[in-house]
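Each chain carries a letter (A, B, C and D) given by its place in the written order, and its residues are counted from 1.
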Amino acid sequence: MTVIKVLNKPKLKNPLFIEGLPGVGNIGRVAVGYIIEELGAKKFAELYSKHFFPFVMLYEDYRIHLLKNQFYYLKGKKRDIIFLVGDCQSLSPEGHYEIANEILDFVKKFGVKEICTIGGLATGEIEDKPSVLGAVTDEKYIKKYKNCGVEFDAGKKVGYIVGATGLFLGLGKEKGMDGICLLGETSGFPIVTDPKAAEVVLDSLMKMFHIKIDMSKLEKRVKEMEKFIQKVEDLQKKALLQISKEGKAPVKDKEELRYIG
Amino acid sequence: MTVIKVLNKPKLKNPLFIEGLPGVGNIGRVAVGYIIEELGAKKFAELYSKHFFPFVMLYEDYRIHLLKNQFYYLKGKKRDIIFLVGDCQSLSPEGHYEIANEILDFVKKFGVKEICTIGGLATGEIEDKPSVLGAVTDEKYIKKYKNCGVEFDAGKKVGYIVGATGLFLGLGKEKGMDGICLLGETSGFPIVTDPKAAEVVLDSLMKMFHIKIDMSKLEKRVKEMEKFIQKVEDLQKKALLQISKEGKAPVKDKEELRYIG
Amino acid sequence: MTVIKVLNKPKLKNPLFIEGLPGVGNIGRVAVGYIIEELGAKKFAELYSKHFFPFVMLYEDYRIHLLKNQFYYLKGKKRDIIFLVGDCQSLSPEGHYEIANEILDFVKKFGVKEICTIGGLATGEIEDKPSVLGAVTDEKYIKKYKNCGVEFDAGKKVGYIVGATGLFLGLGKEKGMDGICLLGETSGFPIVTDPKAAEVVLDSLMKMFHIKIDMSKLEKRVKEMEKFIQKVEDLQKKALLQISKEGKAPVKDKEELRYIG
Amino acid sequence: MTVIKVLNKPKLKNPLFIEGLPGVGNIGRVAVGYIIEELGAKKFAELYSKHFFPFVMLYEDYRIHLLKNQFYYLKGKKRDIIFLVGDCQSLSPEGHYEIANEILDFVKKFGVKEICTIGGLATGEIEDKPSVLGAVTDEKYIKKYKNCGVEFDAGKKVGYIVGATGLFLGLGKEKGMDGICLLGETSGFPIVTDPKAAEVVLDSLMKMFHIKIDMSKLEKRVKEMEKFIQKVEDLQKKALLQISKEGKAPVKDKEELRYIG
């Protein structure tokens, strides 16, 4: 029961797939959310899954909202982009693999050959000038993106990338899609969203994929997004506490797992 | 292995689907149980699932009872109603999604387009005049039911609705069914059943769906139902304790999860 | 991956299905094990499952043994019997349902319409004259077996029956098979096997199903079986300890779950 | 979602299947890894699974690596060999069964009739002259390999074999493949790799299967492999800590589960 509901089927030109799900500092979530809003990307599909938390959220005092991931597309001159954002990642370890697998098969049908995932790297310190660290599935990307402000030594600072941010690239490679992961340095918990780290990641994204984004509203918009993200995190923490009192808890507190990914 | 056993296939006229599974204060369970008894709704299907606790209960000293959910129908003048009650909800997070999914597909075949789920909201205080809070999948219900004693600001007091009470609406919307959730305010644990909260919810239900119910036996009947509900809860708690000693426990103690839902 | 390997397909006459898997006091395990040996029942199928512990045992210093359940049959004058014994029950809650479901579908093909499961009831006291408590899926069995030394008030002393002992009857009824559960009173932990309780259960079984068994070797044989049963339990406990150190443990320590079932 | 990706399909002559996945002292991992390197075995398939940890590793500062098991083959005069090595074993109990099952079905298609698994036995003491203990699925192997330095009394020192090392033999027997398990004595935790134990196991392997291996580089190579193995273990421990803070942890810390297997 991982369902992708297709709202419409855009024809896409050599689309790049950019992932920005919640994670460490929610850098991917806010960076990609900002691009979607600023450039007016269009939603074309939604995903929900039994691997998400078993609750619905309440919006605007009374509206019921099922936890979801959303797919958007953006038409470009040379190539199009598919964006993935959402409320949450999988609750169970197997769910991470299963959902990533479904999503990759789905975007592959639109012709995706290149993937870019975005996460955060918790440094434990306030970063005045956060770096963007890169990891790739193929060496060619290091040359290709060497002038885009990405330091290709993520492996020196962190040994693994947890969840969607890592698995999209690991599993993607198995399915013939190569790609790059951008990790913005951030202090980590208890920061909910980190606009500075999101900004440096956006800087790199703009250079890498020749996107133009007006950054002037970033901080304001990130603060607005933060309310909602904070709410989901709080609810998940509450739900986890509730559930873990009973002996077994679902896997992932975003507060914790945001250490990486 | 989630099996719906159909006892007979009634032809139903634009049926409303009302859920009353065990949860916070067991408000849905006793309110719906009372309607079924008072109005003589007829059982037409049963569900059991590998996601329930792995035990059978003993009734009347010697009778073995598999944990189940039950479907009843009630013929009305303008429209019919399907009721769902039962012994328990899912033990695992994924199970909540899977069971809700099966049930929705099942009731949809009978023509269900509208869903009403009933839960409780634990306030931590004895409520002399408990409110009924509402949450909806579509704004139209707020107008439609504005004179039925429901306060449409559940989202101010609670951020999420756990389990069946929430997922039936969230997943239902995805399948083309809209609906409303009624949460009766109740003190919460350690109250097993709350007849007062059940009464205000029943009041709203009567107004919303033009049902007439004689409330004079409510308190007495709720106390009678309480014995059985208490028993199931005690057994589940016992089973959880037993199981959690061994390091891993199934997910959900109803005592705990009745916080919401 | 729950596999039933059929060694041969006996033609059976109205076969009764008797279950004796490990549980409280291992009463079913040793009682059924003793009948199999004494009356020379023949093994005709074996089951293994991903729901069992993920280890193999070592027999006789060097021989590798996969954890299994075994099916035996015994030809009788009026009717035949299928026995189920084995090394263990499921590790996960869902596994209990899935394995019981597979087994019931399997034995139903041989014409089984009646089920008898055997478990123990931990009283916490040394029982000089342990009783046999009964629970049934249909009232008719109370009349039928009223003179067989079974007290049909299990429900007064215990509210539920965990695992295979309970689910075979609960799920069996759904599949058109009725039956009875016999629970021998036993002190419970830390007794591994209880020959006295096994004896009273065997007494009832002989009366109920007109089986003749020479009981003279019972105590000796139970002590012999105990070595093996003890070993499996010790290994499972060890494995659970090992696994639970890592934060999540598989579900069921037989020492614990033998409280009932 | 357990995928075996076949890189090429070698024709193999009565191939022996040798397993060397991470485990106690990583004896199998380093012994089989050394043979593969020394004799130039060729990789022909890879496996990844939703039952592995939900993260990717970072190699060489920037390269993303999905957790995998790898299949190699080696052509011999009389018979060929399939080797299995890898980054990790399953995270969940069911996963152990499912992955072993997939692998056995896969290698069976190449004609495998004999299996040799390699693990470690933690003795808690520094072993100057570690023994190699053997366990078999069929007595014939005791005769066959009696002059190969294997003591066939594993069952006296250990009662079970956890994970792949045990299940390949237990499940293999069910699929018509017999075999032997070699356990090298090692002190156990906190030793990461034990070249001495690997050496005695390699000695036995050379005698048993008439393989010639130059042992002069063993210690050096094991130390080199240790860096990588240590890294995977550290990451898994870190991931487990992270995850277990949230109440539920995936099953298996290699540090712990290396007690046996």
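Worth pointing out:
Throughout what follows, a contact is a pair of C-beta atoms (placed from the backbone, for glycine too) under 8 Å apart; a residue touches a chain by one contact, two chains touch by 3 or more.
On a predicted model such as this, the values are computed, not experimentally measured, just so you know.
Counting only chains that touch, the fewest steps needed to get from chain A to chain C is 2. Taken over every residue number at the interface, the positions common to chain A and chain D amount to under half, indicating a different-residue contact. Fitting chain C to chain D on C-alpha positions gives a rotation angle of 90 degrees, to the nearest 5. Put simply, the C-alpha centre of chain B and that of chain C have 36 angstrom between them. Centroids of chain B and chain D (each the mean of its C-alpha atoms) stand 50 Å apart.
Residue positions 243, 248, 250 of chain D each touch two or more of the other chains. Every pair of chains in contact is given here: A-B, A-D, B-C, C-D. Residue ranges of chain B in contact with chain A, taken from their complex: 90, 93-94, 96-98, 101, 134-137, 139, 142, 152-156, 158-163, 166-167, 169-171, 173-174, 181, 240, 243-244, 248-253, 256-257, 259, 261. By the touch criterion given at the top, residues 1, 3, 5, 48-67, 91-92, 231, 234-235, 238-239, 242-243, 245-248, 250 of chain C touch chain D in their complex.
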